[in-house]
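The next block holds one structure in the form of structure tokens; read it before the comments.
Each chain carries a letter (A, B, C and D) given by its place in the written order, and its residues are counted from 1.
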Amino acid sequence: MYWSSWSDFRAMGGHAFFVWMSYGALLLAVVVEMLLLRARRKRALAAIEEERDLETEN
Amino acid sequence: MNWFYFSSPSTFYGLAGRLAPWCFVSAAVLAAWGLYLGLLVAPTDAQQGEVYRVIFIHVPTAWMSMFLYFIMACYCGLTLVFNTRLSAMMARAIAPTGAMFTFVALWTGSFWGRPTWGTYWVWDARLTSELVLLFLYFGYIALANAFEDPRRGDRAAALLALIGVVNLPIIYFSVQWWNTLHQGSSVNFKGTSMHVTMLTGMLVMSFAAWMYAIGAALVRVRSIILERERRTQWVRELKAA
Amino acid sequence: MNSVPQAPGSFSGGFAWAMARDLRLAWRHPDEAVLTVAFFVLVASLFPLGIGAEPQLLQRIGPGVIWVGALLAAFLALPGLFAADYADGSLEQMTLSPHPALGWAGGKIAAHWIVSGLPLTLLSPLIGLQYGLTPDTLLVQALSLAIGTPVLSLLGGACAALALGARGGGMLLALLALPLFVPVLIFGAGAAEAQATGLSPAPHLSLLAAALIAALVGLPWAVGAAVRIAVD
Amino acid sequence: MTGKHRSGTPDVLQVRDLACRRGPALLFSGLGFEVAGGELLCVRGPNGCGKTTLLRCVTGLTRPDEGTILWHGEPSHVDPERMRAGMAYAGHLPSLKDDLTAEENLEFSLRLRGAATTPGERREALAAVGLDKRRRIPSRRLSAGQRRRIGLARLALDPAELWILDEPLTALDDAGQALFTELLDRHLAAGGLALAATHHRLAPASGVVRELRLA
């Protein structure tokens, strides 16, 4: 392992802010996209449900 | 096996459902390995210090942003030539993920630029071309959703993507040309020669990003199929089951 | 009604038809051409007010500002290309004409360039004087506009056809067309700037000419395809 | 392969198992019919049943989901230019330019159709539809009925064999409707054919009139 200690790892040789803001951005983007995907699926299934109830009514 | 079998939305819906989890799992495994290599094992960079480690996500996302636009354009070509519905849905499913990768590439590029060249936004050839690519993605997504009839949006956006993919290399060349005129020496992202773990780290992360993109596209295409085929019988039974 | 099938149309038939009709229409209500040119002059004169009129500075930014102004003016003229024909049904009749789409699409874009790109090109030396550019720079600028604006019309025409009938109107068209204009802007503005700073504009102009030839070969087909999608 | 039937003349237009959707809803499917020279096929059906979409599929403006269209026995995609030359489409939209006069509109419409006509012929055609006095004023100032009459003059001079008409009688007064019927008679008598979507009763003197009912 390159780092001597976990605190050095977190410090990233003084560039912690820039490195973790970058990795954090990617992590955030992936998480947000997964949430959006799940929400879209739920919306699609709800629309089908609603349409089916409408159908069975008349 | 007639390869058109999977091109009908209902059969592809099932296939995508089975494939997507595997894609995400392999993406996670590859990402973990890549990050281990990039963040924990790879040595520091003589000139730039530790901030160069951003390369392990900046370069893969930049590659993926271009690669996904190309794949999207291929699906759009299929849509225009064979008028198949599923290829149009796949193109729509890829675009948001491509735009996300482009945005992350821009974000990481600028955060890498700050300590290295003193400013968040450096008019470097690659970053500027990425910015134009982001507009091309937004143009595709906006045009695809700008019509009442989704089939009309598919075809219009498909042609735009084809025009875009033909123009992409020209844009990259012209920005490179423009950059060498104004900036003088082009700023090189790679820094010193690539240490072997650096290269493998980047490649592994690229595969992770690729797997993730396939997974995300498959999940999104399933939602699109549900939205488009909500009146069909098979979707009805599916929901009831 | 003769039952002998009419000879199918021709490229020149379609091209001549589009040029004749569109130029006559433009002559009948020239407000569009006037507005395009007025916008160009307006934008070009806003910059000194914003940045200051210091001669060295104006000379430095002149070529770039004039090119961006011309590009935006050409962009604003794009909706006029197909919107009216799409609304009154002429576009359907064009698609159903025996003349090939390359013919009338090319003719419409040529007529549109004469109404928008050409006046901008002819006017650019005048605006250049406002920025204190030397005569040779003005010449190269006009030349780069003369080569570049047709490419803008071709690229913009395809995007305008794609955006027909879409929600979002002008803003959507901007998002579609402006990214594609980037190379033309770089080569065009670069040519004038090279001349202004003593370098040779030849490489820029030749690249721009190459872009024009590529556009002339590929884009009319794309415009025809976009129109066929629009009238579907 | 051209089908022989009824009046013995070969079929000019053949449509086989045509299907078309509007969004998720299926408008029609498995639709087939033929039209031979001298025949008028009226497409009837309630509003929104897809009459216009059917016509647009035949013209090629709208791409059907399934089905083939044969022109003189040849699929339409073999020689699209020849089919487009042989077919005149009069849809809902008048396709007239407001800033052009009736004469200019007629001239440009016919040039677009690839039809070589002389100014004299055009003037006669406009006179025949009662627009002689108004042929030089911008079309903007003509009434809807008068603008439809420019369309009639265009049909009169169009060399196309097949007329595809969408609600041809709208906005026409009695005299205008008589003019249209007379034009249709002449067209069918000369061996031409027509496909019309209409709610009115079209009864041309000559030619065979058949009906196609959409559910």
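Assume contacts are C-beta pairs under 8 Å (C-beta built on N, C-alpha and C of every residue); 3 or more make two chains touch, one makes a residue touch a chain.
None of the values given here were measured: they were computed from a predicted structure.
Taking each chain's centre as the mean of its C-alpha atoms, the one that lies farthest from the centre of subunit A is D. Rounded to whole angstrom units, the spacing between the C-alpha centres of subunit A and subunit D is 56. If you average the CA atoms of subunit B and of subunit C, the two centres end up 32 Å from each other.
The distance from the centre of subunit A to the centre of subunit B, with each centre set as the mean of the Cα atoms, comes to 16 Å. Mean C-alpha position of subunit A lies 43 Å from that of subunit C.
Counting partners per residue, subunit C has 232 as the residues that reach two or more other chains.
Multi-chain contact residues, meaning those touching two or more other chains, occur in subunit B at positions 230-231.
Counting partner chains per residue, subunit D has residues 63 touching two or more of them.
The full set of touching chain pairs reads A-B, B-C, B-D, C-D. Considering their complex, residues 59-63, 79, 81-82, 84-87, 89, 91-100, 104, 108-109, 111-115, 159-161, 186-187, 190-192 of subunit D touch subunit C.
Subunit A makes touch with subunit B in their complex at residues 1-3, 9, 12-15, 18-19, 21-23, 25-26, 29-30, 33-34, 36-37, 40-41, 43-45, 47-49, 51-52. By the touch criterion stated above, subunit C contacts subunit B in their complex at residues 155, 158-159, 162-163, 165-168, 172, 175-176, 178-180, 182-183, 186-187, 190, 207, 211, 218, 222, 225-226, 229-230, 232. The touching residues of subunit C, counted against subunit D in their complex, run 1-3, 5-9, 13-14, 17, 20-21, 24-25, 28-29, 84, 87-90, 92-100, 104, 231-232. Residues 80, 132, 135-136, 138-139, 142-143, 146-147, 152, 155-156, 159-160, 162-164, 166-167, 170-171, 173-175, 177-178, 181 of subunit B are the ones touching subunit C in the complex.
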